[in-house]
């Protein structure tokens, strides 16, 4: 096993915590991969902000219907039991607490549960999409992310330095090194790569990691 | 995933004493008579549930459905817009005797409060009821030079609704104007139980025509030949049936 | 012609002011009659609070579908182009200003445009239904009513004594004796029965009638 | 009653300078490309309409549809949630040059503000954006112990939308996820013009399946083979066509 999980492996790990029959929204981009790794015998129902519940996988190339897309504007397919609805009804599902899980990407996650994932600062064109709605809607908001930035700086921090997406909204973070819960405004370590010591992990984390109980090995298949 | 429930008695088994229960329908159209009667059966045999707060547009008609629920003494409080009907005696007598509490809400405000409950909107402003007794003690604010009243969301522990067809994922369609409050209540309750005339396979309901997507529904029970309140009342029915 | 119009005749007069293609909500009871008197060549589209737009006339006795009823819980019929929707969408049509006309009954109408039509006081069971929404939604809110109560007291008054349905909402009143607009908080006489003098009418009206221009004869067919 | 309009040019002829125009679609799905292009044609030949405020989820992609409208310089302000796309250069350049104003609104709040505009609700509270830069200067209030931000309705002078089928009364159905913002915008504009792939007889759309009842639609124009933004962009199209 390499020294850190790939994006695909992080997505796999996150997928293991999704119950059969759960209603799930996957953020655009990297989180969309989670859908591929539903454990056998479990079937989640996927929601997309642009008005589909229960859509299926991507079509084959050349078979796209551009009126049948997800929030990332990628083509999807119909399944038996799909439903279409308009944007207000779609966000009623989100804001009204009807989704079981939302899995989102992150620039930074604070120990308070604050999330920053929509803006890297005042330069460029700001774009928020549905992220700010999703963090306040789903019963459980999880983040999947590399543990550190490309420059090696912690993405799990004491307080976010980037513009916030939401306050005290994230409850679990799946990283390339660990699975960490956020409880009472603190990071609580649940799983880590077996090759990594708690001290090693702490060194790459921007806020204190509590270790109140046993830490399981984070074991993910090669993918 | 399979949300179908094999029997009416099982469908209503989880409703506790003191629950807030939304009941669909506008008068008799869209009223889940059989679910209500199953709740009465449970109450008669177990003494529970009682002290219910019921949300419905009306207050029952005759001695069946919601009127029968009230007649059993199971309802502590009613939230509705129009507690009148062809035969409103059951509610009227209890109300005038002080045995049931009434929260009267304008019909559009009632619908919007339920929608807000389902949509995660805790409060909104409406022109409705401004300057009337029903706006008493509610915050008022001007927008674009007109006064509006602030109203709060309405949520429930359970919703009992009636649909036409449903699948095991909980997708529902309704019959004509029997739609009324049913899709809204489905969104605003922690647990929504739908009685449907026919359970169909997923996909049998056109994805474009689904009115209530399954995410809003926790249980589906088939009642193949549902009674219509108007027909029961024309026949002088009562529930439970009067024993001579 | 008798000394006052019948309810049917008042409904006929109100119907003459409904334009072709207008979206119209008729209050339950007496106002429902207006639908029968659409002038030839005009077709209004009727809305009912319980979620139908564009419904047709009453079915024949014995052919009722009790899932196809109006707000008064009377059976109606389908037409080509009917649409069904739920109560929140129905009142979005009302509150959002999409109806052209609402025609309602009244206990009292004040010269201010205030309407009282839902409660005769603290006794009995209060019931409001959709009246309070309708008075704030339609582009034009008209009232049809007998000019006086059964006891001969004015229903057009300076200030309502009964609980209000809405404030400053009515703009035209069709009575058994006259057609009266409400403008700038005053009653303005537009039409009256030819057999009646302005003074006669004023004597049966609880607030001053302005007569700024010509008063047309209120002429209605025998019905 | 006949709301059909014979031509695209006539359909967009009433939109004045400075109008607030809602344009349906989510990216390319449900985007009324032909109506937008007709508006561009009118601008090129008459110099009007200009200084438009446009409400759309996005900010255009490539050089067709909304991007082309912006490229012409017809848009003074954009209200949207996500001004990014596969090829967002037209908007990005103008935005960074300070030539177009941007009001960024979270997507669910945008949808709800439009719905509120159509439903006569001047303001509502939402948890969305609480504690973020997008809630700056907005009133905050607690309900049931949680903080919520107050947002205002959003209305428009015109809505240009795309539907699948429509009848002469204005009843509409949409194609799959091309529904998105279209039905909401129809409710929130003083004048809604729908381009539809097929105009059908009243009654041909099932009364149960109507998504937008005709009361929300003032004009219907048939565009039998509408272009899809993704296809145009893959083909490298621009509007108006570049002359070599």
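Letters A, B, C and D name the chains as they come in the text, with residue numbers starting at 1 for each one.
Keep this in mind: contacts are C-beta pairs under 8 Å (C-beta built on N, C-alpha and C of every residue); 3 or more make two chains touch, one makes a residue touch a chain.
Predicted model only: the values in this text are computed from it and were never measured.
Among the other chains, the CA centroid farthest from that of chain A is the one of C.
If you compare C-D with A-D, the chain pair joined by more contacting C-beta pairs is A-D. As a whole-number value, the distance joining the C-alpha centres of chain A and chain C reads 56 Å.
Computed centre separation for the pair chain A/chain B is 37 angstrom, with centres defined by C-alpha atoms.
Here the spacing of chain A and chain D, counted between their Cα centres, is 30 Å. Within chain B, residues 112, 115, 119-121, 126-127, 174, 176, 207-208, 211 each touch two or more of the remaining chains. Residues of chain C in contact with at least two other chains: 78, 84-85, 88, 91, 94-95, 136-137. Working note: touching chain pairs come out as A-B, A-D, B-C, B-D, C-D. Of all residues in chain C, only 20-21, 23, 43, 45, 47, 53-54, 78-85, 88-89, 91-99, 136-137 touch chain D in the complex they form. Contacts from chain B toward chain A in the complex involve residues 1, 115, 117-121, 167, 169, 171, 187, 201-203, 207-208, 210, 213-216.
By the touch criterion stated above, chain D contacts chain A in their complex at residues 26-30, 57, 59, 81-86, 88, 91-92, 95-96, 102, 104-112, 114-115, 126-134, 174-184, 211, 228-231.
Touching chain B in their complex are the following residues of chain C: 48-52, 64-69, 73, 78, 84-88, 90-91, 94-95, 114, 119, 124-133, 136-137, 163-167.
Across the interface of their complex, chain D is touched by residues 112, 116, 119-127, 141, 143-144, 146, 148, 152-153, 173-174, 176, 206-209, 211 of chain B.
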